[in-house]
Every structure is written in structure tokens, then in C-alpha cells.
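Could you have a look at this structure, given as C-alpha cells, before my questions?
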Amino acid sequence: MKEYINFTKENTLENNIVLVIKEGNKSVELLKRADKARKIVSMIIVYILLAIMALVVIFPFYWMLITSLKNNNEILSSTQTFFPSVVMWSNYVYVFQVFDFFTYMGNTIVVAIFSTIGTLITTIFAAFAFARLNFKGREALFAVFLMTMMIPGEMMVISNYITVASFGWIGENATRMDAYLAMIIPFWVSVFYIYLLRQNFKQIPNELYLASKVDGKSDWNFLWHVMVPLAAPTLISIAILKFMGTWNSYVWPNLVTTKSEFRLISNGLRGSSFTDPEAGRIEYGYQMAATVLVTVPLFLLFIFFRKYIMRGVGRAGIKG
Amino acid sequence: MLNIFKKRTTSKKYASELTFESARYGELKVGHNDKANVDVEVVSRHKVDPEYRVGGVLDQEQRNNWKAWLYLAPVLILMAVFLIYPLIDTIIIAFMRNYNYVKGTFDGFTFDNFGAILGLTTINGATETRVVQYALPNTFILVFITVPVSIAIALIISVLLNSIKFLQKIFQVVFFLPYVTNTIAIGMVFSVIFDSNGLINYIFNLGDFKWIYGASRAVAMIPLCLYIVWSALPFKILILLSGLQGIDKQYYDAAKIDSTPKWKVLTKITIPALSPQILYLMVTSFIGAFKEYASIVGLFGQAGTTQGSYELYTIVYYIYDNLNTNTSFAAAAAVLLFCIILVFTFFQLRVSKKRVYY
Amino acid sequence: MKKKMLCLMSLAGIAMVLASCGGTNKPTTGNDTTGILKTPTTITLWSITGQNNRPQLESYITAFKEIEPNITINNVYQSGSYNDLEGMVSKGFLGDNYPDIVQGYPDNVANYIDYGKAVKLDDYINNTEYGWNEFDKSDIIAAFQDEGKEYTVSGTYSVPYSKSTEEMFYNADVLIGLDLSKQDKEINGGAPLNAAYFDTLTWDELFDHLCPAIEAYNATLPTDQKILKTDQAYHSIFAYDSDDNLFITLAKQYGYGYTSVVNGAGSVDFNNDGMKSVMKRFKTAYDKGYFLTKGSAGGNYTNTYFTLQNTLFSVGSTGGVKYQFDAAHPMNVGVARIPQADTKSPWTINQGPSLCILDHNGDENRKLASWLFYKYMTNTTNSLDWAINSGYMGIRNSNYESDEYKEATSIEGKQEKTLDILMAKSASYLPKITPNMYVSPAFKGSSQCRTQVGGLFTAVLTSDGTDATINDLFSKAESTAKLAL
Amino acid sequence: MEIKLKNLTKVFPGNPKKHIRDTVAVNNLNIDIPDGQLVGLLGPSGCGKSTTLYMLSGLQLPTSGEVWFGDEEVTNLSPEKRGIGLVFQNYALYPHMTIYKNVEFPLTNLKVEVPLVCFYDYVITYTYKMEKDDNVEGIKRSIITLLSKVGFDKKQYKLTIEDKDGILNIIINLYSVNEKNYDLFDKNFGRIIKVASKDAKKTQASDALYDVTIRGTYGENVADEVGETKALKAKLHDFKKNLSEVKVYNDLKGVTNYLVIINKVTDKEIDAIKAQLTSLNLKVVTFKKDVAVTYRKLNKVERSDIVHDVARLVQIEEYLERKPSQLSGGQQQRVAIARALVKKPKVLLLDEPLSNLDARLRLQTREEIRRIQHNTGITTVFVTHDQEEAMSICDLIVVMKNGIQQQIDAPQKVYNDPKNLFVAQFLGNPPINVFNGKIKGKGVFIGDECIYKTKKDIKDQDVYVAIRPEGFTLNKDKDTKNTLTGDAEMIQVLGRDLSIIVNNPECLKPNFKVIITNESDAIKGKVSLVVKPNKLFVFDKTTEERIYLD
């Protein structure tokens, strides 16, 4: 096409424009004052917004707490109260009386710790293989891994139940060890965490791998002496998230344990003891007290490890 | 990943640059246009991801082969037993007629299960309308409302949180709180708050407006979405906040120097910089949202706002409901959902290729 | 960090120790010659037993061990609903992880039959050595015995345990002695209202005479003395807690179809003109403010409104009598039979879980052991103890006739306007109901039928009430119910 | 723009809990940077040079002291408002944007000042006879390009082209445009096509608008200032929309003054206001009238023009469509400069811009910086720890150490005339040789050898004697006085030069370096060196300040 106008350097249009920042005509003094005011106002707005959202987030917890201290009539009454009219510490006393708290707690901690350790080991191996080693069908296999995340867990329960039963881990003759195995082993694989850790491993510079090769280190040594320490924050957050997950898990442990002394805390605390079987009604006060009791340790765990979780989870989004 | 694309540029390019281009992308077509400029058309079958071209490791390929499988062995065994086998099992059951999982009996193989759950064929003389009428639309509504909204809110909160120093840690802890509780208990709290004589109606002076029990489907979606968003926030805030803390401060300094207004810093710098985290959240939370049902149980205690109604059905709720009695239908629904998620995730990843900057 | 890890590890160690200290059930070994069963047998009982009733159950187990030393009972309390329990048992079938005796509703038992696991009990019942003798057969309330037979296959598959029924509770302070002759001469023959009148109340009487009269009477009262709290969000003269029960009961009372068993499978019959007209009737009553159900009361239990005196009548389960009374708003509560279609053939629902014995690969010892335990725990002494202490009904006629029961349920010496007296009134009223209890057949999908008719009742009440809507709601409910068959 | 730093101090607070002391990064710095100069801040790492730069940019705020841009004090002004360009050490190019977007980005935040002079509507009709390879579409597009290049946005023009058998009727409606822009358009239109005829009709669309500040006095004294202000406001009610400030106040002398600031008013309105004031018996003392301005965003074409101009300047035009990660360090560096230049800043700041480049690129790029700075004439401040870099391109060098400025001078001067030992040592490669020496009887001694005699009266003392490596010549004539002797240990041939490593016990290091032309024939062993007086500096032993010998 014919070029009608040639805006080359020699005969360019002289841009007769003056570029300014918007407030260009204001005096520096004025700008400074406005600056300061804006900073203060924006800070106030930020804090107000955060405070509002924090309130929204925290309110259900507050409600949970006060409900755990109310008696059932007050909970069910049509007028809501923001503070229990009679503080029912007895709800907590009841929960403690009814349950063999320490047995449940012990089971939960054992199951949580061993499933966490198992998960960490399998996750480290798998992530290492996917991130560092080359083999045929690596990407395809990883895609299959990801696909398993897309099937609803409810659907897997039946098959897994049959599998675990065929191992003899459940049933009338199941021992404590069997019960633990049934609760722990099926959850030793987590695609989600493998994915998370793989991303993390991938960020570790390849030079380190080559350097360790030059130093004559085996893959095994490299994994444990270089990769794992470098990915420690992620591993810690995986451990904690896994721990929390086990702590709150309910359906599967409830299904595979048939003796109350093998049960986990969330099964014990969310049981029928808070429903009135005659009328099928829930004793909300007890239930909430129990929920508070389950939640508090997790919450403390988070506060305790907040720094590590923050650091570890943040790497999730980086591409692999 | 296969990525066919064509790139056409017109510029006064010289040989050296052309070779550079070709090294990067592959086949080149060079032509001339009437302005004596060079038309360069780059045709490529696949874009080489630099990550896969890292030198050195490739040499190890053959040697690592058996080792890799050794490392994968524990996971593969466990996965085969606890994830892949159920997956295949589910797919097979989806094609069995009247599968009874206790007895292990079924009446031959069929495609009818899919037709039946979609209401194309009848069951016991009745048509299953709940999947098409409620479960599918509800699932999509929840997915397309809760995921973007929760990501947006999480983004706002984490940006705000990142901009403060005083009380930051306390706020962080507060916003993480929903992560440590269980769905059912907090669902109950929400249903009390949204009760017709609950807090929301009291605050907004709505009389005895029905949000939960007896509410219409559209209204019931509001507390449901709010609840799902609420419980989805902490993890997202966690990810985004630590993503934010990883962004080079220099970009913000540069933006300041360039007199960039705050909203523009957010949209043009922060969000693109967070795009890997956002993609990650999108993919995982879309998958999660497709599988939503526990929150409905938590909030409503049933699949509808009144007894016997299924207005709030989701696909997984349907699966859960039919698992014991109509296992074949449940499996068919699971396979259907699996396909939906698969297709959706695939498209999401494709679209994101252009929008995500690493 | 290391410190923290160490901390965790040591915690784990402690937990291990703690966990292993937990209860250990030593199975008893060695044959004992006493008792019917000579070989040592361990059976498992799964039940959902409330905290309050556990001591009773455990005492029966302990006592049973004395009688049948070879039988060890592994008693497991499960949690959740009976349907959750069924889910656990059903999955347990896959891994030989299910009990010998399980508590459940007939709907649950129907599924166990379907899976071929429920044990047909007729041989045990009729066994001369350890079955029920003639006294037992006549003593155990017929309706309860019948319930065990209401399945798609013939024979008895479940036996009564924690049963309950429904009673009508009324605000005696307001209603007893209320003279409505000015409003409607026909009510109680012009006499003031009394307990006998409520015992024979029919739906017709209730909606056509009593409610209009009460409404008219209420209109004559000064504002601060109204007996109807029309200013409240949920109020009515009469309230029925369970939508499902009401529908099923009405179908029974009026003789219209609900469900039936045809050729060994369930059949959904409730979509009929008779039930539609009954529904319209109730819809009209609801519109007039005479009537309320849980479903139409915002999903809240109506007895809450009864205790707040927003309603004058309340129908609820005998298992939940305590909810008909609130110490914060004390009143005298009267107990009566629920209203009937025809007082000559009154029907009241028979509900509450029963027990079902499950087969373990044909192990006869376990079946027998289970039966023996059941028989023991429901013998006259134990069933009486259970009836007095558990809040459930006595399953034997003799329970009600015994002096202990009469004494326990006597209102003598009990303070007015207390829960105690109400409980006593309720319990002592039960013998009047027991001869006229019915049960609807259970089959695969019967629980969905219940859910659907309950939902249907609510939907009709809250709908616009036109024929088209009602037809639509009926066919929708029918269709949904059929899907579950 | 001239930049002045006055007593600038920056203290980074420590943490007493963790026993971290406060750090004084910049201590009482005073620098005057003349307009249009390229100034290098030079010093070892940690000397506070970068901190100084960041305080100039506003990204860090000084603990005390002032920063002046021209005659405005901008010390605490936020960086957004300073209108400066800054090139970061790591360039800070936005990785997700193309080079074009990166360079364009600052422009999207800026506004164009539009003076609100008299605007006109135009109807221009051109007729044009189509030539052989003409096409209407092309002409149309070129006209539109021109229209937007002049700065008209879509709402401001309407273009219709009628084609009548090869004769084009081009009708252009311009709405509310500046006369100057019209002229610009008209002048350039000829470059598209040679028209056969042209007919332009011009009608005034709006009056010119002015910002007016009027100060004056009241005839009598007023007690109630607030009330009177209100009264005056009420009187000027007709101009309520335009009034920005009205104030009546008594000054110290007790005279009642008034102040009226009115924005965007026409001449007519100004007259009306004046009449109003006169009718109130108010005397006008000062009357200030400026053309009012409004602001608009740059349009796409304008942005593209500017980006391309700057891209051409820094020679990155070819890379505009690439992402930063696809460029080499040097290219990225130029992009960073382009991004800083594109908004035509009055001040350009560069933070160690060359530190990430390899040796050759560094050489090339620094020349380029010099060239760009020279071409644009922007006052530029440049931070570096590389003395060679600073010396080679700067107009002025500021040598800093521990937050304290050591010397400000032209590069040559800093090298040739260091003010203290630090400056002498920091500049020069190979570094200057320092000896323990003394001044005794007007002689500068290293050991026992007197290497220089001064006429100035300097008291005898121990000193540091520093001599540049090139400050020696071989002493061929054995009789010459004032030589330094040593043991030549090694001789390196550096091409043009020779380097001799010489041992001397008085040298602070074990040996010192001598650079001489390779024509001289050096041998190992004892050498005797003559010191060039202009390469010899003497510093006080304690203060390390220069002791001037002449």
C-alpha cells in the first residue's frame, strides 16, 4: 500500500505537548500536605476495611464460643443473645466427662503424626522423581496423578473400604494396630502435596544438582542433603496442613473404626452423645463446646508455626 | 504441551535477528512486501519451554530411568491401590446396570445410567429431573460465583494486609481462623446467623426474611455462596499474601517513580505478578468447587431449603445421596463430573498460558 | 525448629502410651455349662444410645453375662443418625465389619433384607426352648410384633426395642373448663371442654367446630388476655410436629393409599384424589391460622411454639415429651390421643427404632446368641425397667399393668406445672394408644417416600393451594419417591 | 534543573533489643548539582551513595536536611509527584509487559496540559484529483493518523470523503480545536496529498478562559472578617462555580485586604467581576491573569510516537515487541533508561546502572549514557562504585565515604588534586602508592630519601606520601637529587606500558607499582626513581587531609 505520510525523524511533527503529572499546577507545599492527608486517610480506610472483614471472619467463631457456653433453651430460643445469659461452663465439663478425652487425643495424635510422616516420605520421593529425574512418560504420569484429584472422594470410599477390609485392617478382630493402619495408610498419598513440593523442588537451581554430581554424590544423597533442607519450609507447611487435615477428618475414620477406644477425637466429639436419640435433636451447647475443644489445638498449632506455613505455602503458585 | 501458533511480524530485520528468531521458535518463512521490508512469518509446532532444555540433566535420562521408578514406587503402589483402582472401579460401575455393592451383583453392562441420571430414560417409571434441573446448574453457579469472588476478596484482603505493618500478624492469624474449623460446625453457626430471626435480619432490619429454611433457590444461594467464600478465604489469603511478599519491591518503586495511581499498580503490576498464584488457586479451587456439597449439608442439613426438595442439589450431593442405594447412578454422575472438570481444567490451563507470567 | 520437632515427636510418644493404655477387652475363654449356648460366642451390638440410657443397656449386658456366660457382648455406641448407621453397616458387609445386632428403623432393616443379611427370626420366635412363649406373644404389643413383618418378604425381620408413638399435648390451663357454648353449642354437647372431649377429638370436630369457636372466643377477650398470639410470626391453634407422620397417619386414618408392597417390591400410592382432598382441607385450616406443622413453621419444632403458648395443641413424639414443656413458661399440659378421622377406628403411628439381627456367614451360634440377648433384654423385667427409665415405650402390655409402672407414672404427689407430671401423664396415657398403632411397610426407598410426603405436606401448606399446584406437587413428590425404589 | 542537597542526613534506626546500632548512611551532605550536568556519586559500597540517590528520588525520606529541585523544596514530597526518572540497579523492568508496554507505562500516567485558549470549529473542504496508485482508504487512514498525531481525539473531528469520478471531496469537521493545532494540521496536510483546492471556514467555538487572581484593599477598615468574606462571596454569587478562593482579612497594618481567585473565566466575565468590585468601592491592587489550563491523557498515537522517539534514541526499536527476559543485560539497561526518559523528566537518576553488565558492554553502555545525557541535556545523577566509570563520563564527581562527602570536583580535578588520602586512594588504577613519610625542613622524605622540596613553609611532621604509579620516571642520571630508590622485583609488560613492582620498606604495602612507558629499559634490581611533582600528594598522618605543598 502506498505510504502517504512518512513520519520519520527528519520531518516528524514536533510534539508541542507538555507532559505533566496531574497535579502539576499545584505548589509543592500543597502537594505535600495533600500527600500527608491522603496517606493518613488511606491508612485509616485500610484499617477500617481490614477490621470489618476481620469481624466478619471472626464472628462465627465468637458465635461458636458463646454458643458453647449457652444452655440449649437459650440457643433454640427465637431471640438471639450476644452473650450467654447463664454461662454454662458445665457444657465443657460434660464433654470432658462423657469422653475418654485422652484416649481419643492419643489416637488422633498417633494417627496424625504417622500419616504426616508417611505422607512426607512418599511426597518427597515422588516430587523428587517428578522434578529432577527423567523417565519416559513422566508428564503423562503426572497428568494421571492430577486427574485423580478430579474424582469426588465420596466415590472412592466404597472401593477403598473393600481394599482395606481385604487387608484385614477392619472387622471385628481388628487390633489397635490394624485400626491405625486403616486410618493412616490410605492417606499416605496426596497428589496435592506432591504437586506443591514438585514446584518447590523445581526452583532449586540445576547447578546444585550438577555440582553434587561432580562431587560424586548420589541422587539419594543429593535429595536428603540438598533438596530436603532447601525445601524445609514447604515440607513443614505440608506437615502442618496434613496434620490439620487428619485432625479434622471424620468420615473415613468413623467408617473403619468400630471400637470406641480406637476412635479419633473428631469422631468422638461429633457423635450421638450430643443428639437426643429419642427426639433426634442436637444438643448444640455440647456440640459447640466439643467443636471448640477440637479447634483450639489446631489454632495454637497455626500460631506456633505461622511463619513456616506462610513461607512454605507461598511457593505453591510458582510454575513447574 | 503442543502449542501451534503463528506469529507474523513486519519489520526491517536483518539476517542475524532472523536466525535468532528461528533458533527460538523453529521454522521461518521470510517474504517481502512492497515496502521492501521483510515479512517474517514464524511457524512453529511447539514452543520449547526453556525449563525442559536445561543442559546436563538430559544426559542422565537413561540412567535415571529405573531409579525414577524406584523413587516413585511407594507412591505408585499406594496410588494404584487407593486412587487409581477406585477411579477405574468407579468408571466400570458407571456402566453397570443396578450394581449392588454389598452383594456385588449387577445386570450386565449398559450406557443407560448416564441417560437415566440426565433424565433421558426413565427409572421405575419416573424421570430423573434433579440432575439437569438442579445439580448441574447449581454446581456451575457455585463454581462461577464462589471461585472468582473468593479470589477477588482474598486478593483485596491480602493486598491490604501487605500494605500495613502494625497489627499485620494479628490480622493474619484472624484471617487464617476459618481454616482450622470443620465445615459442619461453622455451617450451623451460619445457619443460625441467617435464621429468619437471626442476626442478619436483625442488623438489616429485614423482618423474618427467609434465607435458609423455606427460602427460594436464588435467595438460598446467597448465604451458601457467602459461607463457601468465607471458608475458602484463609487458604487463598495465605497463598496470595506470601506471593505478594515475594514480589520484588523495586517494581513498586519503579511504579511510584512513574506516578502510577494505586489502582493501576494493583491491576498492572500486582495482579500480573501474582498470576502464577492466581492460576494455581483457580485450578485447585475450581476443582474443589465442582465437588461442593459439604457446605450445603452444613448450612441446610438437606439438599433443599425444605424437606424433600432438591433445589440445592449439586452433582456431588447427588452422588453422596445415591451412593448406597443406586451405586450405578452415583458412579455415572461421578464420571460425568470427572469429564466436566477435566475439560474445564484443560481449557483453563490453555487460556491461562497467555495470561500467566512466570 | 528442631526443638519444635522434638516436642512433636515426644508428644507422639506420649500419645502412643496413652492410646495403648486404653480399654482392652479380654475375650472370655473356656466353656461354661450354664446357659443355653454352650460354645463361647462373641457378638457385637451397634446402637445409637443416648448418654442417659447407656447405664441401663450396660446393666442388661452385665446381667446377661451371668445367665449366658458363654456369650460375650461387644457393645459399641455409634454416632450420627440411623441412616448414617445403616451406611456404616452396609459398608461393613463388604469387609465383615458389621454387628450381630443393630438398631435401626424398618427402612434400614428393609435394606439389610435386600442385601440378604437380615436374619429371619420366626424360627427363633417360635422355638419352644428359647423362643417366645404364648405369654410373650400375647404380652408384646401386637402392633410392634406386626412391624417386624411389614417387609417385602414374609416373616419377622425385626423386633421392637426403643419404640415410641405420638400423643397430643394441649394447654390445659386455657382449654380445660373453657366454655364455648356461646360460640358453638355443639361442642362437647354444650358442656365446658374436658379431657374426655380431647380424647375423642376428630379432625372434623377440630377444624369445623373447635377452632372457629376458639377463634371467636379469642375475639371477645381483651387484648392482654388473648389466648391466641396472632402477633407472633408462627402461631396457630393446633400444631403437628412431624409433616411426614401426619401425612402417613392421615392416609391410614382416612384409608387412602400411602405405600404398599406389591410383588415383593415397594409401590408408591400416595398420589391419589383422597389424599389431595385431605391436603386441601389442611391447607384451608393452615390458611385460617388453625394449623401449623414443623415444615410450615420455618422448620422449627412446633413444640417450641407450644411451650411459648403460641399454639394451644401440639402433637409430638412420646420420646420427646420433655420438649413439650419449658420450665421458663410453666403450664399445665394435658395429654390425649391425636385427632382421628373416625374415633371408632383410631390410628396412631408406631415409630422408633427396632433391632435387627444380621447374619455372619450362617454362624448359628451368633444368631442364637443375638436372639438370646434380645430376648433377655426385652423380658418383662428389663422391658419394664427400660420403659420406666429410658423415655421409650414399654413394648409389653404387662409393662403398663405393673405396679411399678403405675407408680412411676402416677401423677400423685407430683407438683403441678412440672415436667415430671407431664412425663407421668404421657406415660400413663400410652396404654390407651397401644392397641391402635399401625406401621407402614418398609422397603427399599420407603424412607424417601416418607421424606417426600413430609416435604409434600409442607409444600402444600405453603403453596397457593390451587388444584393445579397441588396436583403438580403430588406428582413431583411421587416421581421423586419412585426414583428411589 | 538544578538540584541542591542541604545538610542531608539519613539514619537507619537500629534495634536496641537486638543490640543493633543506628546506622548513619548519609551524614550532613551538601551538594549543588548544576543544571544539565551529569554527576557521578562515587564511593565504595556502603558509603551512602545509593541512599543519597533514593532520597533524591523520594523513595527514601531523609532523617534531616533538605532536597531542593530548582527553587522548590521537595524533601518530603512523595516520589510520584517529583517527575523524575530513575534507572534501577536491576532495571526493574516489568517482566510481564513487552518492551513497548514497559516504556509506554509511565506515559499512561501522565497528562498533557491543554491551555484553554480560544477554540474554534472548522469546516475544511479539500478537493483532490486521484492519481494513478492512489487509494481512498490509504488517504483516509493517513489523514486520521495525522489528526491524532496533532492531538485531536475522535470526538473532535469528523472526516468524510466523497469520491466523484476520481475527484475526492475531503470534508473535515473540527470541533473546538486550538488554532495552533489547526495550523499544525493544515501545514502537515500538504505532506499527504497535494490538494487542488482548499476551503476553510472558521467559527469561534468558545472563548479563551483565564485564571485570575485579584488582590486589593477595602476603602474602610472592617472588623468582621468572616462576615465580610461571606458578604463578598454573596456579591460574587454569579461566579460561584469558578470561585476558588475569596478572603477578606486585615493585615498587620490594620488595612483590610481582599483576595479573589477565580478559575476559568472569560474576558467578559473578568470585566464583570472587575465592575462588581468597583461598584463595591474595592480597589484593585494586583491583577494576575493566566491562561487557564486543563489536562487530558495522551492518546495512543501520541504515546506511540513518544515511545518510538525514545526507543530510537536508546536504540531499542527492534526489541519493542519482546519481553524483558528475551533481552540481554545491555539491552535491558537501555530499556530501563528509555523508560526513565520517556516522560521527559527534569532529573534522571541512575543507580549503578552498569554493575550487571560484562566488561565490554559496560564500556559501550557508559558511552551511550553519556551520549543520551548529552543529547537530552537532562540533569543526571549517576551512582557507581567504579571510579573509572565515573571519571570517564561524569561532568562532576562526588566522592563519598561512610556517608560523608569527601570531594566534589570535575573528574580530572578529583584525580589530579585529591583533597584527602581516601580520595587519592579510591581513584586511579592501579591504585596510588602510599608511603610513610615525613616533612622535614621543607623536604618531603620517604625513609631517608628526600623526594621533593617545597618552598612553602610547612611544619615538620610525619605524613603519608602518596604517588601515582605513573608519577615516576626512571632516573638515568645517577646524580639527580630527589629520587626514590627501591628493589625492582618484577617487571610486567602491559603493552604500551611497563609496570615495575618495587620493594620499599616505607611503603604501606610490601611493594609499590610504577608504570612507565615501555621505551624505557627497566631491569630488575635496584632502581632509582624520580617523582613527578604533580603526581605527588602529601597527607596529614592523623586527619588524612591533604597538605598542599605549593
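Remarks
Chains: A, B, C and D, in written order; residue numbering restarts at 1 for each.
By definition in this document, a residue touches a chain if its C-beta (ideal position, glycine included) is under 8 Å from a C-beta of that chain, and two chains touch if they have at least 3 such contacts.
Note that the structure is a prediction, hence the values are computed from the model and not measured.
Look past chain D and you find the other chains held together by touch in one piece. Relative to the C-alpha centre of chain C, the farthest chain centre belongs to D. Chain centres here are Cα averages; for chain B and chain C they lie 44 Å apart.
The geometric centre of chain B is 49 Å away from that of chain D, both derived from CA atoms.
Inter-chain centre distance (chain A to chain C, centres taken as mean C-alpha positions): 42 Å.
The centroid of the Cα atoms in chain C and the matching centroid in chain D are 88 Å apart. Chain contacts: chain C has residues 94, 233 touching two or more partner chains.
Among the residues of chain D, those in touch with two or more other chains are 78, 80-81, 83, 109-110, 343. In chain A, the positions touching at least two other chains are 1, 21-22, 78, 157-158, 270.
Touching pairs of chains, sorted by label, consist of A-B, A-C, A-D, B-C, B-D. Chain contact summary for the complex, chain C toward chain A: residues 1, 4, 8-9, 11-12, 14-23, 25, 42, 44, 46, 48-51, 74, 76-81, 88, 91-92, 94-97, 162, 164, 233, 300-301, 304, 317, 319-320, 323, 326, 328, 390-392.
The touching residues of chain B, when paired with chain A in their complex, are 34-35, 51, 54, 56-58, 60-61, 64-65, 67-69, 71-75, 78-79, 81-87, 89-90, 101, 153, 156-157, 160-161, 163-164, 167, 169, 171-182, 184-186, 188-190, 192-193, 195, 197-199, 202, 230, 233, 235, 238-239, 241-243, 245-246, 259, 274, 276-281, 284, 287, 290-291, 315-316, 319-320, 323, 327, 330-331, 334, 337-338, 341-342, 345, 356, 358. Within the complex formed with chain D, the residues of chain A that make contact are 1-2, 4-7, 9, 11-13, 15-25, 28, 31-32, 35. Residues 57-59, 78-86, 88, 90, 92, 94-97, 105-106, 108-110, 318, 321, 339-340, 343 of chain D touch chain B in their complex. Taken in their complex, chain D has these residues touching chain A: 72-74, 76-78, 80-81, 83, 107, 109-113, 133-135, 138-139, 141-142, 145-146, 149-151, 180, 184, 188, 191-193, 293, 295, 298, 302, 305-306, 309, 312, 343-344.
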